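Have a look at the structure that comes next, please.
Naming follows writing order (A, B, C, D, E and F), and every chain is counted from residue 1.
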Amino acid sequence: MRIGVYPGTFDPITLGHMDIIARGAKLVDRLIIGVATNPSKSPLFTLEERVGHVQREAAHISNVEVVPFDALLMHFAEAQGASMIIRGLRAVADFEYEFQMAGMNQQLNSEIETVFLMADVALQPIASRLVKEIASYGGAIDKFVPTRVAAEVRDRIATNAEK
Amino acid sequence: MRIGVYPGTFDPITLGHMDIIARGAKLVDRLIIGVATNPSKSPLFTLEERVGHVQREAAHISNVEVVPFDALLMHFAEAQGASMIIRGLRAVADFEYEFQMAGMNQQLNSEIETVFLMADVALQPIASRLVKEIASYGGAIDKFVPTRVAAEVRDRIATNAEK
Amino acid sequence: MRIGVYPGTFDPITLGHMDIIARGAKLVDRLIIGVATNPSKSPLFTLEERVGHVQREAAHISNVEVVPFDALLMHFAEAQGASMIIRGLRAVADFEYEFQMAGMNQQLNSEIETVFLMADVALQPIASRLVKEIASYGGAIDKFVPTRVAAEVRDRIATNAEK
Amino acid sequence: MRIGVYPGTFDPITLGHMDIIARGAKLVDRLIIGVATNPSKSPLFTLEERVGHVQREAAHISNVEVVPFDALLMHFAEAQGASMIIRGLRAVADFEYEFQMAGMNQQLNSEIETVFLMADVALQPIASRLVKEIASYGGAIDKFVPTRVAAEVRDRIATNAEK
Amino acid sequence: MRIGVYPGTFDPITLGHMDIIARGAKLVDRLIIGVATNPSKSPLFTLEERVGHVQREAAHISNVEVVPFDALLMHFAEAQGASMIIRGLRAVADFEYEFQMAGMNQQLNSEIETVFLMADVALQPIASRLVKEIASYGGAIDKFVPTRVAAEVRDRIATNAEK
Amino acid sequence: MRIGVYPGTFDPITLGHMDIIARGAKLVDRLIIGVATNPSKSPLFTLEERVGHVQREAAHISNVEVVPFDALLMHFAEAQGASMIIRGLRAVADFEYEFQMAGMNQQLNSEIETVFLMADVALQPIASRLVKEIASYGGAIDKFVPTRVAAEVRDRIATNAEK
């Protein structure tokens, strides 16, 4: 059985992530979506919320499982029995960072392959960081994230603003 | 009447910005220079000071107006009746970020075009962040920013150091 | 009156070119589409055919004019009374080449500005060269070029193959 | 059964190609190495010779098959029943070209996924074109291609030089 | 006598840094390794510790001297009587930043040349930031930094975690 | 004695080349400018003419010598007793190609270091290929090449056109 890990912070999950999940799920028998804690980035949503969002939005894909993690990515992939780590590529800036990570990961465990997929070109400019920035100014984010996530981002930003 | 918006933080305004302003002003009937508040970047100069610097340095260009803004760039451009957003390109790193922004902005409002201009090649390495870094160590910044701005940066850094 | 020049070989004209033409036409009062002879590239279509294709496909945009040229781009732009040269940007590879050209063009005539526009992200991977390569192997090119152009490319490739 | 296609000209096959073949073979049940005819590039070795080299060098990997092709890559992948196309990434220049191809291929057949793998970092600078250039000047190519291929390249270049 | 300066934070010194030091030392009569204070980056090791690490690891190269500095790089290079600043290049992201810095440094002092060297390709993905991230999750860093530095990084991270 | 080799085709020598020569000559005791034959590029000027141009234009720099070569660059550098190969970097496209070459050259001879220098930013867009293209259309090239070379390029292009 081929197992793949697709790691991310998913704060929030975007249509670009959804596209990579759909593509990745076809490459393996079981796709583990690893949701990183990432407290240093002060995420908008808690780890539990983000795991819940990804589970709900990917519920229609049968061979996907969502697992939170707070570990070195390579250790997480080993613990899950994965033979590949799946990464979405959007642009050259991604590429550089990913190549550096993949190069060091080759040294950490040469048995687990990093596999790069390309999101649908129309979705490539979408970045979680920009989604949050747009929403914080009251801009429309419905074209960038799943419908329910868009509402959740708006609610959370409104709640934070009241504090 | 064609209106363009050239947004930035201008902390401080550099000769590279000045060059893009001069180029942009020729492309439109009215050029709105939008000065972003950007409190998260802890700017060296207050919003009022930065608006003042840009107004003074661009005073010789008749069709330029300087307007502060604290909003989504696309909303600001809409409010100003702009048909284009002008961005300066310096290097590939800029290009990547700008392309991602422009791609999302195409989704937000497809009527407002993002237009990229290239500063004079001799001015392309200039970045506000590096200007401040050089000045903080007592380096000469006169070749990078307008003369009066150079003095103001030096004064502010000296004042901050005394605190 | 603001005049812009959008130069290219248009062998064949693609949906990416069409998108840049539509965007460019809104930035100026009159948009001259300059069709370069480019004999060194052994184009699939003659200069007359390419001018014809562009004229037909852009006929619905009132302020567009199609003009063949066999000259230095900057001289052509000067002869047309243009104040800007419009270029479409797709990716970093384009960017590099365009920046080099624009940098030399700044030296040739600093009064004519090079302006970069970004095609709709979904159209960015389209390149005339790849369209011809796909068609030469009998692949479907209808998503990449205007409908009538797709038929013309197929016909020409079939005719050439018979020779 | 998951089938992948790894296309190339392999003129000659390098240690970088060998590395991608080994990595790709682990991702699928059957890996088809597609050797493109590419007459326009005037290859050093005939199609038959290149197929032979790849077969010999990859003989130790049980789930690999070598197939020549003279067709659109996407048509070849469809004919082989592949669900993925495997491409090696070395550097940003590759990335740009590959992204453009993959973007157009998404339009041609959205069911066949392009998957990018990264060769061992130590092998990334190796390019067939540079190997031939080095060999043509009598330089040592043993660190870049399999041992027998190195000898074959030297022999062919010597034979060509005599003509 | 030719003097070169190789500046960095060295938090911690990696095998990539070691490789550039070895290469740089051959280009000049005396190589000053400048260790920057960089308090804004909250380094893992104190300035004294980092100077100590670099001195110990480079002790076998006779024409190397390690000097801490808290100044503009160009002023430091001038004070050391250097005619060149040596920088290691790993990837395009580095390149962009370095080019911007070098461009501004050409303006600050055109007599001191910035010289770029390329680390051994196998060492290029190594970055101090990623080494610390891997170590913070208990990953093995022995392939990325000198042996004694690996132990020191592990000890410091363990000590910090106890606080 | 430190010897460096600066290789190129110099068809024609540009102000960008001149700038790298001046910078490179300060880094070594003796700078060998290697002029490559490059018949495959059908140069505008013969090897003898190009050697003559470089000698004349660099005559004011005492430690420079001009040597034609038709060999592998690394073999030429070895034959000249060089310890470094000097390359000018202009942009990311250059960088990619140069990195690939330098990576293979590290394997061919690890004792000869490739050293990258950055031309004056104002000269970075200049490329011999574009200079010839501009001149072939009667454009002014005086800002891109030495004065006498500009005349020689114009004369040669006029002579070729008469044929």
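A few points about this structure:
Here is the rule we go by: a contact is a pair of C-beta atoms (placed from the backbone, for glycine too) under 8 Å apart; a residue touches a chain by one contact, two chains touch by 3 or more.
Because the structure is a prediction, the values reported are computed rather than measured.
Touching chain D and chain F at once are the following chains: C, E.
Its interface matching that of A-E in over half of the contact pairs by residue number, A-B stands out among A-B, A-D or B-C. Two copies of one chain, chain A and chain D, form a contact in which over half of the residue numbers belong to both partners. Taking the CA centroid of chain D as reference, the farthest chain centroid is that of B. Of all chains, the one whose Cα centroid sits at the greatest distance from that of chain A is F. Mean C-alpha positions place chain B and chain F at a centre distance of 38 Å. Chain B and chain D have centres, each the mean of its CA atoms, that are 47 Å apart. The multi-chain contact residues of chain C, meaning those touching 2 or more other chains, are 92-93, 96, 99, 102-103, 121, 124-125.
Pairs of chains in mutual contact: A-B, A-C, A-D, A-E, B-C, B-E, B-F, C-D, C-F, D-E, D-F, E-F.
Contact residues of chain A toward chain C in the complex are 92, 121-122, 124-125.
Residues 90-93, 124-127, 130, 133-134, 137-140, 143-144 of chain C are the ones touching chain D in the complex.
Listing the residues of chain A that touch chain E in their complex gives 71-72, 74-75, 92-93, 96-97, 99-104, 107-108. Looking at the complex, you find that chain E touches chain F at residues 2, 23, 26-27, 83-84, 89, 92, 95-96, 99, 102-103, 106, 113-118, 120-121.
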